[in-house]
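Comments concern the structure below.
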């Protein structure tokens, strides 16, 4: 996969999904050729199961004579021709995206994401970190990132106001991604819907195995020989949203739960950071319960 | 992991599990030293969860002055000292083991196992292949292996006599391993118990995900990014026996179920052949629902 | 990756490489749309290093009103427009391809390829097996495949006539792929050139490490923690041709050379079969010393 | 692998290598039993190639009535009996080890190691960071770690005094490990010898491929399909020391050198942190050019 790492590598990125039929690629590529677009990446997928077609195309912004807004307006005509069900976005990699990270006490994913953002690996700025504990405030501050603490009452039935506060905080940043980086609270349905397609969670198991709490303990009890992690979009059904990325690592009988926790962290970090980068680069197209990932 | 591949590399192999306490290793190693045993492999595991201790030790047969039966008789005294709960076996790698393979129509695991046996990769002879279809008879015959066809009626409630026939056939070979190489029949409880610790199944998913029928279809529907296979001992509860080995392979949105079936075959072959070899080399110690694998 | 496994899934496959410039995709996709081509797979790569553009597109044969020869004739005009340097092929997945396999004594890759061909995993027929030893003749015959034995003299300087015989035999089948499946002879330069882009070798190391003879012994001596295998096109420089596929497996201090040989076989089989399948499905585009693989 | 993560899990760890002969295990385990040692981990390796035997045994410190110094004194007698060539260490996991990290400008390995140390994943304290550039000083300081800047002249022939300063600084901490975390200077021979068995380097290729400078550029030029990283002990011969750990990640034609650099970082971090942890837990026994790793 290619990344748009350098500033003069500014790109316009089209992501599109629609019911499949003949001629879609020709329409899109003819349009891109007409505006002078020099294609640097192009990927297609025709899904025989759903009958849908998906594409992602990146052109050099400098090769196109017009700005992103004008390009969007022009492409609307093409999209209309393709059909009313067409879902598409056209983004400018030169417009920095914003990410808000939700955390509890576990530090490793936050450390990892902030380190990657600082190292230029993520095409986004981290707008804020929101924690239901204060323990990770110093980590955020060491990176110069705003930290908001929202107190969550012990009784789950009394957490509504806390979630409202989180909602207000998150929305104040209008983020392109809301990352649940080992945030140990289940989002209420209204927030799942509000942030649909933008909220990414890291679950510390190879889903659909070991849904819910303490997956490493479940894995230890079952005696599996590999443990994993899953990055998925958050939906109202717990740990059942569209999967973006998964990976595993080998364990054996000598690994106790604490060893699995330690080894699993490495996989969680890899899987979450990959999933988030792909999301931010508009490489992930959600369709129903599944994703197309043009990595 | 080391394999005892050559004939003059004959070994006596002790596998032992018992409640853990101080001095067990000293007792065993002193015994082995007293009989002159040159240790070529030794592995230990103390399980803090169950409080059990496990070991596997292989000595050069030529370094020990006595035969395997006499060695077993002598070791009984040591085992008694260690404690009444001690479970142990002492085997002679020079005694060829026997394997019976159960199949349906899927050829790849059978092909793979017969090829490995022919190539000297499995420390066993394949005594027979038993199929509930006739389609794999030529494969077995091409390798000079006896094939038995047992007809299974369509109605599951009428399959008792067929299973009885399978039981009689299998038991006539007194095998060290009964391998369900994509045998598409669920073993009845009495056979699970009869062959407990000897019957190995390959399930074409990364358990505990996708138990039961058509796991690749389940995987496709869920949109997972890795598919896997699991080699486990057969128990009365479907796909829930102690896991011996698992592995996975990456898939993506472009892989349809038929692609997963094809790619999954490679993982099934690897996982089953590894699990079977470890079982035959007495590297797998079962304790409760889990295994210790001294690979 | 998708495979064209079933007969009614007949496809026309265009593979093309050319110096990159704006509008190529539009030209190709407009052409495909005009002939009614329903695109089932499409992949692109713009190489900033060489300034070349590569694409592979598969359309349903049934969606195109004309035959492959007429389609080729029509596309020639498009190719001419794109530029004189354009390299392209247009193939019909309904035309069965032919493979000739060269072997010595090692059986595992031959077993594996014949098994996959029999199981419908390879979109080709195995036309013949040619061996410089007779030991694998029974394997070929068991699959009903012609086996030719060509005697190779011990003195490398006297092997010219033997290679001439191999050349004559291979060419008599006009194969789409010549597979060196652990063929322990170095092809002379004239054969490398004659079969350029068609001759695939499996080397039992993770190239460029351990070029030449006995790579597992070299790996053991160096103490590496992973061993691998490489499928590459054969060129005049030993083990230096364009790499199609590589993979590795973990080893540790307890693995002796014989263990590495055994474990390495599994990787060799996987890597060679993947590379060959991609080659046969026109997924591999060679450019200079490197490959673009639209897997 | 098990880790001694919690304070009341204090262990005494014996690591030993010697020419192999009958009875060594019995001698050691009898000794451990006599001092009341409750074995929590035990691993053995008999190397047929060199004729050496290696073992690592960990006992609960609380099960042994005496301190580590007295235990060492007692074990000396056993070691003498085993033979004059015996190499052994007996360490107390309760004695915190010290690590000094050498860096240049690349931040990711330093970030990773400091994060792991802070998270309790490394059984050691980071005593200091030494850089030949000042750019990573803030990273060290954010973790409260001393940073020393040593200026290196551009002319390699004039770097002697700089290396002398590094030597004095490193030795002032008497560290158990000197980690070259992407330190872009080749250690002079006297430092290699001075820190033999303690200096760990991370090389950003799968050695022995791509020794020396700019390995990702070499990998890109060769067109490999996997890139890797290697953690090894530093010796006078560049990138040729005993390998502790290696791993790889898949790349394809679409990955440019900058992509490989980014993806390779993840592997470098994993490989270096694993290798360092094993070294600090006395799991790595060096023999000649190779290592035994009781992970």
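Residue numbering begins at 1 within each chain, and the chains themselves are lettered A, B, C and D in the order written.
Convention: a residue touches a chain if its C-beta (ideal position, glycine included) is under 8 Å from a C-beta of that chain, and two chains touch if they have at least 3 such contacts.
Quick caveat: nothing in here was measured; it's all calculated off a predicted structure.
Chemist: Treat each pair of touching chains as one step and give the shortest count from chain A to chain D.
Modeler: 1
Chemist: Given that chain A and chain C are copies and touch, would you call their interface same or different according to whether over half of its residue numbers are shared?
Modeler: Since more than half of the residue numbers are used by both chains, the interface counts as same.
Chemist: Could you find the chain whose CA centre sits the greatest distance from that of chain B?
Modeler: A
Chemist: Between copies chain B and chain D, what's the superposition rotation on C-alpha atoms, in steps of 5 degrees?
Modeler: Answer in degrees: 180, to the nearest 5.
Chemist: Could you give the separation in Å between the centres of chain B and chain C, each centre being the mean of its C-alpha atoms?
Modeler: The separation of the two C-alpha centroids amounts to 36 Å.
Chemist: In angstrom, rounded to a whole number, how far apart do the mean CA points of chain A and chain B lie?
Modeler: 41
Chemist: Could you say which residues in chain D touch two or more other chains, in rising order?
Modeler: In chain D, 41, 48, 254, 256 touch at least two other chains.
Chemist: Okay, in this complex, where on chain A does chain B touch?
Modeler: Going through chain A, the ones touching chain B are 45, 47-49, 54, 206-210, 220-226, 228, 242-248, 252-254, 256, 289-293, 295.
Chemist: Give the list of chain A residues in touch with chain D in this complex.
Modeler: Residues 1-3, 5-6, 41, 107-108, 111-112, 115, 118-119, 121, 142, 254-256, 258-259, 262, 265-266, 270 of chain A touch chain D in their complex.
Chemist: Would you mind writing out the residues of chain D in touch with chain B in their complex?
Modeler: Contacts found on chain D: 22-23, 25-26, 28-30, 32-33, 36-44, 46, 48, 63.
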